[in-house]
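Please read through the structure below; I'll follow up with questions.
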Amino acid sequence: MTHMRNLQRSVVLVPVAILALALFVGVSGCAPKEPAVTGETLSIVIDCEANRKDEAEAVASQLRNIGIQAEARTWEWSAMKAEFMEGNRQLYMTDWGSSYFDPFDLAIPKLATGERGNYSFYSNPEVDDLLSQATSATDDETRKALYFEVQDIIYKDCPWVFGYCLEETAAASTKVGGWRVSMDSRINLHDVTVEGTGTIKIGLGIDKIVTMDPGNYRDRDTETVIRNVFDALVTRTWDGEVIPEIAESWETPDPTTYVFKIREGIKFHNGEALDADDVVFTFERILQENGIGGQTSPRLGLLGPLASVVKNDDYTVTFTLENPFPVFPQALCHFQIVPKDYVTEVGDAGFAEKPVGAGPFMFKEGRLDDQVVLTRFEDYYGGAPDLPPVGPARIDTVVFRMMPDPATRVAALKAGEIHIADKLPPDMADSLSGDPNAKVESVPGTRTYGIEFCLTKPPFDDVKVRQALNHAIDWDTIIATIYGGKATRLSTAFIPSGFGYNHDLKPYEYDPAKAVELLREAGFNVSLPTE
Amino acid sequence: MAAPGDKEVLSIKGLQVCYRTDRGPVRAVRGVDLSVREGEIVGLVGESGCGKSATLLSVMRLLPFPGEIVAGSIEVDGTDVLALNGKGLQALRGGTVAMVFQDPMSTLNPAHQIGAQMKEALRVHGLPSTRSVLVDLLKEVGIPSPETVLGYYPHQLSGGMQQRVMIAISLSCRPKLILADEPTTALDVTIEAQILDLLRQINRDRGTAIVLVTHNLAVASQFCHRIAVMYAGQIVEEGSVKDVLSRPLHPYTRGLIGCIPRFRKGVPLTPIRGQVADLSENHEGCAFYPRCDKAVPGCLETLESLLDAGDRMVRCHRYGVPEYGDVAAAQDSGCS
Amino acid sequence: MIRGESTQASVRRRLMRLRLRLWAESAGATLKRLGRNKSAVAGAVVVTAIVLAAVLAPLISPYSPDKMNLNDRFSPPGGEYVLGADHLGRDVLTRILHGARVSILVGLITVAISIFTGGVLGVLAGYYGGTLDTFMSRLTEVLLAFPYLIFAIGAMAMLGPGFWNLVWALCFKGWVEFFRLARAGVLAEKTKEYVEAAKVLGRSDLEIMGFEILPNIVNPLLVVGTLRMGTMMVMEASLSFLGIGIPPRIPTWGSMIQDGYRFILNAWWLSTFPGIILVALVLSVNLVGEGLREVLDPDLQTF
Amino acid sequence: MRGVKILERALAALPIMLGVCIVVFLFMRLLPGDPVDIMLGEASNVTQEEIDALRSQFNLDDPLHVQLASYLMRVLKGDLGYSISRSSNVGKLLLEALPATVELALAAILIALAVAVPLGIITAVKHKSLIDRSSMACSFLGISMPAFWLGIVLILIFSVHLKWLPTSGRATYGLVPSHVTGFYVLDSILTGNLPALKDSLRHLVLPSIALGAAPAAVITRIIRSSMLETLRKDYVTYARAKGVAEWAVIIKHAFRNALIPAVTVTGLEIGGLLGGNMVVETIFGWPGMGRLVVDGIFSRDYSLVQGAVMVYGLTFVTVNLIADILYTWLNPKLVVGEKV
């Protein structure tokens, strides 16, 4: 009997095994196959991160329409980067942001030979030469001409499938006034009002900010918060023009020297007066190796060729560069001034715990991965005079909440828990379209999105294939649908918000016939869609 | 052994039990009549699965799901058991009637101390449960150093000791009737004798009636006043121990007796052929028919009711039929 | 001795034949008894329907699963698209049907691999004990003390995207549970009389493990396996949530739920329908499992 | 005697912790990608010297075994290292995130038990009834609903439409209790801050339901099945035969013994929850371990992930130890550490 039962038990295996086998055979027979490289068929795998999965799928679908075997793959960023830096991938979706509104930190790292961001291994001595000339040229017209020339060359070379520049999109309650989305994805709350309350709550689309110490971060998200507690020597208008903030004015006696005159009467949150010592200290702790709590500041590289910062008198400071660096004032927008005496007194760790700045809001309390609370600084000097309104902030409390999930941010905005939902994915704007209490706003962004070719290997070592792919993708439809129209087509890797963008250069047109023709010339078997 | 009184402690009439399983109804008990008098020890004998335990559990209304009593009546000490519910049932269980189960190892809760389990029974029936009461009870069932044992967990005792504890718990509320369901099956032979002695002693000292369910005729023969033999959910023969064992009337009883090993040389065992009847089937006639040596075609047609054979009963078509007279021959080769 | 051996061999052959016949008979009996369990039958019907739909997807679905019509995005259910269109204008019904293939396959294969690996290692460790057992047990404890998601994310980062890589990532730790179940089962069984008897009969360790012990411990493995199938499918959705999963062209229920949840405010159908079908499948698989359990081994603990 | 056994069992955890430590160390280094490169992000103008300097600053240029040895030494001294991605001490980060995670995990498991225990008992007692069937369906719903989906649906219903509960976060601004232990509920009780208590409890409800749904389902099923088993046991019948009231039979005799497998599973589930659930934490903006760890993996923050996994391993081992001790209480036959 027992034996019988044992057997009976093992019998379960049989139907399960049969079911499994049937399914496996049935499904593996029909499942989409890996693209096989055969004769003249062009097979492509497009790699992307999860946030561009839909776009990649749409692109692949369009390529399949003209007989290219295209597949999209989603990767974790670092794993993907490690792979394509080895030259193992074909086409990969990447993006790169510019903080300086200048090709200096966009075109150069992406296109100059051997640069950190040059994932396509593009190397054109002519372009390298033009770019290095543009970096050190002091005359804007010359730089512009040089950059135009670069754009013409890379337009023809197409090291990428040139993509688009995504708009910065955010949503806010209709009660919020004086608020605009800023181009560089920072939130400036100095001018903002909220109907019926003095407290504004902002849902940030991030996991955490790194620190409250302006010398110890490298990411934009952290700057979003820090920028409201600290002010810099200079700041930007909404159009990206550099104007004085803590500085009253500046002069450039020669291309490697900048002399800043500091506004008098500015106070830090602890009452300490801001003077040249604080400015010098701010930059020295960044320039100095192991200058912040035993670690070197991660911001060091952003200062470019800055050699020294010297105090002339209590309200004048001279910056000396090793070589000309025309975007230096742009760079200075991101270096917030810290109080020397206070930092020396409490130490770097203590400063990060209880930061004191000269910005419109004072740090009150908070946890960097939860919520950060700021209160109005009544003795604020008013901010940049060229950016009205001038004076103390108009609300008294700011709560930044870390809400990494976009759906939660939208829900919280609808529930009235937050007033501003930062970083709204463009395709989610529809979720708020019917809500009378919410408004969605966007401005051109500062990131360029494209699909880079691996230029060192066939088939993309052939410029015809690259041009064909640029013609084969219907970006306008993709932008209109997946990105809700909140993106701008780009003709090259340059962005319109940055310096030296050639508006007359028209992006590659969507022309499948042309693409097919070019691919046939390159020896590939493709065909126009039949429908 | 105490002499049985006249008053009926337990009276079962026409009991039918049915298990409604996924595979259709299983009629475990098919019309059992049984009566137990005060101070009497009755043995309920039969093979496994003949409905003995189901009968006992019915008395306590403890039939496990999906079993239910579909017909019949049960009276304990004059109370209609089937009409009881809630408090009344609780008072009956463990109060008027106590039960001793087959395997003490699995019947005592492994997670509670002996003392706690004893106390629980007393408390439920509103009796004092002081330490001294518990100790006295344990002493009565012959447990050495009862004070210590109270703090033990069941697994720290041997099987015999565990069974003694169970009997102590059964005794604790002074029941009129103890239902013992194969109380010695799980024990060694030497322990078996001790436990049976203990039960007999209780019967003698307290006059408690006992129903002993067993598949072991030898045990029944030593221990009981009266025996009822069950087959396929029915009592096929009933009578005093002496009568039934020395002069079995039903072929099945004779078969059972033939299966008892004996110490005399050269007497072969005579097993009953075939398999135990399937209780999920309906038997029009005698359920023992397929295994019976004496069967005639008529056995299959109708089921005989219990026939009165003097001071005993038997359920067989062929009882009283002339050819049936070879009983004595069969019995000569038996024990007596 | 050769004669003796050949006799033994022929006895074995005959035993094997007998065993096969008993297998076939008991398979019939098992299925018959299963057929009486109404909820198991209902579960089996649903599972079969879903599997059939998956296999026949290309024949019954109106569209191609990766055919997108960007202008029809977010078309609500009921119109041209029976269950609506998703955020890329693909037919949700079609994707559910095609998604069934990969989802079921992910569940089935990961569980099968996990059961096999865990089962074999568990039986070996339990049967032989000693250093092997100690090592394996310590290893599994270390693995258990490791959050599953970290494993899966790391494994996906190491292996890169792709269907099989996802399967490996999910199996990476999935086998541990089955190892423990199998080992515990063997430890309980190996002292029983029938194993002793088999040893006395001179049967090899392999035969004892395979034919004597395994049938007795396979049940809990299968029951937990049916439950884990659902877990694995949900796990795939969680990995999609973190941005690492199956290539986007291949539809899976998990990634459909994940893609759709962000649009739940304006297009609830994207994630709700695949969610419902996932629940239905897991429920039915478990109903069948539960039915099997009751038929085969009513004393078994399941969860 | 028992104390010695417990101590022995606790010591047996040491090799496991060492194993966890080594496995996670090697595991992280097997991942493609370079922490320094990730930290530098889109920085241009970076020279190789700068990268090398950073690498040596974080000891990433030593041979692997040297790194491992020095890491183990530092861990022994209680130093978990420096987090590259968060410019902070790992120990400090973990200490901040742990209370949030533990609070959420405990709330989730409480909710799970509050649902699972009565439901498991009822479904077993009313085996095959309507309530049994329907709660079984619910339990599968719990198992097969991805947490993020459940989370967002809960938010939409209870926060957006009904406006009963907050969408996310641990506390409303202004109602954060002053820091004592880091557990908001405990802190607000300790400081006698009733509004804060109410607020932090309100914030706990939705995430703990989203997190507790799956464990609730699993525990319901295990309790149901082990109850079904114990209800068939002789000692349960015997308890009834003693005249014990039905509810007492179920609770005192059946449930108590049915708890043993439930404790195993609950222990494993708690262990899992204490590791933090990245998905739920992301949806509900909950600043816990899960987000910390996953973010750490993505930024190849070796020290952070190593530290977090060590903490996770430690909690796992502790929970198992507690479960072990519970066993011996539930089943007097067992000696600590003797379970299979």
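Letters A, B, C and D mark the chains as written, and numbering starts fresh at 1 in each.
What we mean here is this: a residue touches a chain if its C-beta (ideal position, glycine included) is under 8 Å from a C-beta of that chain, and two chains touch if they have at least 3 such contacts.
Every value quoted in this text rests on a predicted model; they were computed, and no experiment measured them.
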item: Most central chain, judged by mean C-alpha position against the global CA mean; value: D
item: Contact-richer chain pair (by C-beta pairs counted) among C-D and B-D; value: C-D
item: Approximate Å spacing (C-alpha centroids) for the pair chain C, chain D; value: 25
item: Cα-centroid distance, chain B relative to chain D, in whole angstrom; value: 54
item: Distance between the centres, which are taken as Cα means, of chain D and chain A, whole angstrom; value: 34
item: Distance between chain centroids, defined by C-alpha means - chain B, chain C (Å); value: 49
item: Interface hub residues of chain C, defined as touching at least two other chains; value: 153, 157-158, 242, 261, 264-265
item: Residues of chain A whose C-beta touches two or more other chains; value: 76, 78-79, 83, 407, 411, 414
item: Multi-chain contact sites of chain B, meaning residues that touch two or more partners; value: none
item: Contact set on chain D toward chain A in their complex; value: 31-34, 37-46, 50, 53-54, 57, 82, 85-88, 96-97, 100, 148, 152, 155-156, 159-160, 163, 166-170, 173, 176, 282-285, 287, 291-292, 295, 298-300
item: Interface residues, chain A side, partner chain C - complex; value: 2-4, 6-16, 19-20, 22-24, 26-28, 30-32, 49-51, 53-54, 56-58, 60-61, 64, 71-76, 78-79, 83, 406-407, 410-411, 414, 425, 427-428, 430-431, 433-434, 477-478, 480-482
item: For the chain B and chain D complex, residues of the former touching the latter; value: 57, 60, 62, 64-65, 89-95, 98-99, 101-103, 106-112, 120-121, 124-125, 153, 155, 166, 169, 173
item: Chain D partner contacts - residues on chain C that touch it in the complex; value: 39, 138-139, 141-150, 153-154, 157-158, 184, 187-188, 227, 230-231, 233-234, 237-238, 241-242, 254, 257-258, 261, 264-265, 271, 275, 278-279, 281-283, 286, 299, 301-303
item: Chain D partner contacts - residues on chain A that touch it in the complex; value: 76-79, 81-83, 96-97, 104-105, 108-109, 115-117, 199, 201, 203, 207-208, 210-211, 213, 216-219, 289-290, 295-296, 298, 300-302, 304, 365, 367-371, 373, 397, 399, 401-405, 407-408, 411-412, 414-417
